[in-house]
Amino acid sequence: MVELKNSLYNTAAPSTQSIHGDDHLHATSEVSTPISVSTTFAYNKKEITANNYGLDQRYIYSRSGTPILTKVEATLSTLSEGYAVIYGSGLTAAFSVLVEQRPKKIALGSGYFGIKNVIEQYQRLVPNVQVVGLDCSYNDVDIVWLESPINPTGEVRDISSYALRAHAAGALLVVDATLAPPPLSYPFRQGADIVVHSATKFLGGHSDLLAGVVVSRAPKSAESMRVARSVLGTGPGSLDAWLLLRSLRTLSVRVQNQSQTATRLVAFLESHRRLAVVSACHSPSVQELAIGRRITAVRHASLQLSTTHCSFIETQHPNGYAPVFSIRFATKDQALFVARHLQLHTFATSLGSVESLVDWRHGIDSKEDPGLLRISVGLENFDDLANDWSKTLLALDAHEKGSAKL
Amino acid sequence: MVELKNSLYNTAAPSTQSIHGDDHLHATSEVSTPISVSTTFAYNKKEITANNYGLDQRYIYSRSGTPILTKVEATLSTLSEGYAVIYGSGLTAAFSVLVEQRPKKIALGSGYFGIKNVIEQYQRLVPNVQVVGLDCSYNDVDIVWLESPINPTGEVRDISSYALRAHAAGALLVVDATLAPPPLSYPFRQGADIVVHSATKFLGGHSDLLAGVVVSRAPKSAESMRVARSVLGTGPGSLDAWLLLRSLRTLSVRVQNQSQTATRLVAFLESHRRLAVVSACHSPSVQELAIGRRITAVRHASLQLSTTHCSFIETQHPNGYAPVFSIRFATKDQALFVARHLQLHTFATSLGSVESLVDWRHGIDSKEDPGLLRISVGLENFDDLANDWSKTLLALDAHEKGSAKL
Amino acid sequence: MVELKNSLYNTAAPSTQSIHGDDHLHATSEVSTPISVSTTFAYNKKEITANNYGLDQRYIYSRSGTPILTKVEATLSTLSEGYAVIYGSGLTAAFSVLVEQRPKKIALGSGYFGIKNVIEQYQRLVPNVQVVGLDCSYNDVDIVWLESPINPTGEVRDISSYALRAHAAGALLVVDATLAPPPLSYPFRQGADIVVHSATKFLGGHSDLLAGVVVSRAPKSAESMRVARSVLGTGPGSLDAWLLLRSLRTLSVRVQNQSQTATRLVAFLESHRRLAVVSACHSPSVQELAIGRRITAVRHASLQLSTTHCSFIETQHPNGYAPVFSIRFATKDQALFVARHLQLHTFATSLGSVESLVDWRHGIDSKEDPGLLRISVGLENFDDLANDWSKTLLALDAHEKGSAKL
Amino acid sequence: MVELKNSLYNTAAPSTQSIHGDDHLHATSEVSTPISVSTTFAYNKKEITANNYGLDQRYIYSRSGTPILTKVEATLSTLSEGYAVIYGSGLTAAFSVLVEQRPKKIALGSGYFGIKNVIEQYQRLVPNVQVVGLDCSYNDVDIVWLESPINPTGEVRDISSYALRAHAAGALLVVDATLAPPPLSYPFRQGADIVVHSATKFLGGHSDLLAGVVVSRAPKSAESMRVARSVLGTGPGSLDAWLLLRSLRTLSVRVQNQSQTATRLVAFLESHRRLAVVSACHSPSVQELAIGRRITAVRHASLQLSTTHCSFIETQHPNGYAPVFSIRFATKDQALFVARHLQLHTFATSLGSVESLVDWRHGIDSKEDPGLLRISVGLENFDDLANDWSKTLLALDAHEKGSAKL
């Protein structure tokens, strides 16, 4: 079992870990790591004897590991306070957890529909696997699969309380923290046993790579998963892995900036929504009213905080909330009008990228509210984004008035 | 269900198919396809109405497909006379066939050990899966998994006869044709139902990409596998897929050249082995004798042909045999001596690449003969390779004599 | 002449420009731009008649332009408030300015030695080219080549005053602003005619791409340079250009963070240097003294500001100073001791990357002070970097004391 | 001065040289070379003393060299029987020869127009540079710039005789052998002093990389050019260089196959042209006549050979003629009709790629015959290409007859 982490950086700040967590793995003098593509590695002719076939070499065949995979895993392990194994996508990572743990009963809440599809594939193979709700009894439950923050709302679940319940029932707590990677959240601190991420999202951050991560608290479990990955060939592509390493170098500045902008944008939209609601008393300018008039709800961890007594939210997010929130309109048509009219928010699925994205989740997941849009906030300037929303919401209001007149 | 193949090229020669099989999929004027990396695709704002959310778009999220994947699959479908789906590795492809077919009983012969590991992973999930030998009764067998040509010997199995037996028993015949991609072999012509390849090998051909392919005779099965791949995220990486497309352009010239050189090299080695055996009668030069003296066997489809009445071998290989053969020595030490001394054959695992490779399979798979080396012949010149063997085998002979004296 | 800029974003914030400056150039629905590699582009068969050979097509041959080059240039044009042309390296860009302008007399100050080598190559071709100092008379000078901020000190020159003098003499003012790209500085606002950057540094920002930029105030000059680039083939590589586009997406957060950390680090080191100087009066702890004792000077724009009346410095740097500074020791041995002992500052040449770099400039440019180190501050956490300096400077002090005793 | 070549392979066959010419430069156990992207290289901390700053390290900054550039140059040096330096494009390579040699008088024949543009750029810098024809007196000529084979005809010039004349006049003979790289031609064997290639063409071979090569007979000249390249930043991009290395692995099989197919296609077209001319006597089928009826000329080295006594052609081309030929029609309209109707020949500029290309050179270079098409033959099957021509030429004939009736 190879220890990939360099303990030197365990106490460094996340931004430092992101850049130096793989320093001990540089194989040449190249300061920026080359893009490893080789699928096979020459045996060291000198060391190989009849009794030593070089199987102590770190790399033999790329399905089992490459210099880039090792560097990414070392860096992510340090950053995530656990033992990371990377995969070809977030759902590949999720499936790999199921294959590793072979649960017979899974507790699962609402959230990203993809995990439900993965469990269905798993159920096609393993007979009699039961899925119960997060708030059901955990009797006989093997795995509690918790999403926090929640997709698509950006709200937070209380990891500690689920950890207590899961552990009391002898179940593992898996936390999908895709919407808030380090340094935004650290689920092991609240008792998670396994953390999964779609690295395609914030860890990758540029909409140009597909990868997933499983982080185990225990190094042994990570090693066992790495063996299965080696057999099934479920690691990421060479360029995907290299781009992920490149992306990790800027992780902290990206996600902290996105988190701050998102939280400001949520406050901006929510204040306009409220303004419209209470406008009779305050009589603000007509335009100010029109901006918020069609919004029926804004949801995000920052609003959760302000309306309920939820100290766990702050605890779970020492460096900011997820840069993802949701906004609701009365109708599907209104939601789609907004998605189509925003200029600085690309109308496409996915989240976590440098460019702001708006997605109408009902289109992909019919269980979602047809009036809801999921917003993933990018690295654009707050004023520019707020302005984009103002113009779009005013256009919606004008359009609705026009329609009403007809 | 999208038909990826351009029927225009169904009757073209393989070299033409390799280059033009994806002509109809060019999205811009770029003659060489760009490396698609985007994980998400913008919805067409004009076409999207409340009732048409763009789900008729070909690309939405890269886990489900990308322009490169489509081009590779179109080209491979045309080349392989079936419907191709690509995966992150050859073993990922194999596992996906199992997940799709969910067999309860599998008939499997000797050959590449990786498939056994995959079946073990499958058995961890699906209870009571039985594995029987290729020559056992096919009673209740769901899948006959046939490797031809066989790894590591390069010899051939009679696909037609296995197809007859499999189909008589109601089983599917899966053929792993990794060692002989088109234009070397076309297993559907002998009755295969599914063909799998490790595209990392000859299809990729440069030791720099990891990918696998499943080719189905039926388009429906391919489409169903593509859906599962989309859920499980088991497709290849972006650069791997692009490099595979680039590699396909030269497939025919590469593998036909490699096949010819391999067949000549096999003849060269076998003639020297025989010469040493019969030397008493012919008294050739001492050096000529020394070259072949330590070889105990050479195995390859071309030698199969010459010694038995096997017309199926020629039929299955209209354009040449696998560029892979095996050579056996009396001891592990002799085999490793040879592997270490060859200059133009890189001592590393894998096969199918532009550079010749020598692998001591016993090191990876303890069931293999410790005296056996697997040779994958590259694009080097025949004379240079033969010379490399002569020098190495002479050195081995000298070394053995020296050892004997001590 | 193609106008690449999208005027929509002229008034947006730099972070928004970095992400959306090329929105109008998306050719497919891919949200993240594919890596264009094609060297040739198919003619549109429908539009081509005998009289219209498709030469109105944007792309014909990649030496003349590619979709990626266009996107990078559009984004950089918007960001830089001019018309950008990109090249294979910063020095290629500099040489291209000389070829375009064909100066007979150049005024040049101290700074990066590379430009001197470029001028030498130019002088090998063009006879009788004179080079005079920045502070000499500009009589007959064609080009004033000004570096600001200055390499390696990180200090600033007063662009406006040089612009006045240059223009009064009929000369062009070229500003090499490599150490402070947008949003840190905007030399056109102070009267520059042409701005050049080594995009390998902060614009690229990850030590993994080689490129240069010339930004002209006039679109005509940019177009003329693009024609010469097309003839001489001096554009950047395909991956270099694509990585540059990816890097621009994070430009603002990267360089503003690096600028802030650098300014804090400069203050930290300078305060320790002063503390040691004035220690007799203040009697701080021995260790505090030891940190700054061996530093003979720290130089950076932020210190320039505090010691002289230089309002131009603030004006030229609305969003922060260069993330590059220099530190001087008494001897070459001391400087090299520090360069070798720093852990979080990679001892390698270059600057502008995510990882902090330390370079001993005398090794490359013998005119530089042998006691001087150039520091390029990366995205690591300030405390971690300050701690790295403290440990290293204490080790230096201990080492010097040990040496003194011997 | 670093000797890059491994003399071990000087006597190997070209296909072996292509694959093993850089074996001695593998830096890690990776069998397929990683894509080097680092722009800077860490100094070896142990070796660096105050007197040894690591300047003996092979790599310091990527503008001066990278592991990939070195490998490409080592392989090309061995293949080309000289000392290779690579550049960002073929014209960059040509310009670099001029900068290195600073000729005052150049002898230049007809051929690729790009070199004329490069000389114009050179003339803008160096005063009074004269250009004379290839057949003029070489009095005072510094450089004889010879293209062989000639673009666009694919015909050959007698290198030996030009070498004699050039050397008698004290001039250097530069041969642009882009249309016939090794193993098709070896201009040093006929007395060339410098060989240049656009590596974008056959050396690259896939229309996906831009690069150029200068090969010097003298290692000193190569080293001097490498220094200038380092100053001017005119090397190729990182991916371009890596793809070139990948392409070299298949060089021999690609170009020999293309050469054979081209020579057969030329024979096919020429025989149909002649058939039409002499049809009165032989009365072939009407369709057979119609194929060749509109062709006014076919030009290629293979036809040169058959009509004149030119033993130099065979001597210069031990392994085949250029895979490029030209075909002429009576009018511009006819030529464009053909270019538009060919299915397996992509209508785009450039040459040397895996896909067949057809270009109407008059569109780019108005000095070319408007009825001429340049054909670059790819790796498609001969019968498929011949069939493509038959259908297109029959369509042309039908179209012309239809037009005639109107």
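By written order: A, B, C and D. Residues from 1 in each chain.
Definition applied: contacts are C-beta pairs under 8 Å (C-beta built on N, C-alpha and C of every residue); 3 or more make two chains touch, one makes a residue touch a chain.
Quantities reported herein were computed from a predicted structural model and do not represent experimental measurements.
Touching subunit A and subunit C at once are the following chains: B, D.
For chain pairs B-C and B-D, the one joined by more C-beta pairs in contact is B-D. With each centre defined as the average position of its C-alpha atoms, the distance from subunit B to subunit D rounds to 34 Å. Look at where the CA atoms of subunit B average out and do the same for subunit C: the two points lie 50 Å apart. Along subunit B, residues 29, 31-32, 35, 37-43, 207-208, 346, 348, 350, 353, 357 each make contact with two or more other chains. Across the complex, subunit C meets subunit A through its residues 8, 12-16, 18-20, 29, 31-32, 206-208, 246, 249-250, 252-254, 257, 344, 346, 348, 350, 353-355, 357, 378-381, 383-385.
The residues of subunit B lying in touch with subunit C in their complex are 26-44, 57, 59, 67.
Of all residues in subunit B, only 35, 37-43, 45, 48-50, 53-55, 60-63, 87-92, 95, 99, 102, 114, 117-118, 120-122, 124-127, 200, 204, 207-210, 212, 228, 231-241, 243, 332-333, 336, 339-340, 346-350, 353, 357, 360, 363-364 touch subunit A in the complex they form.
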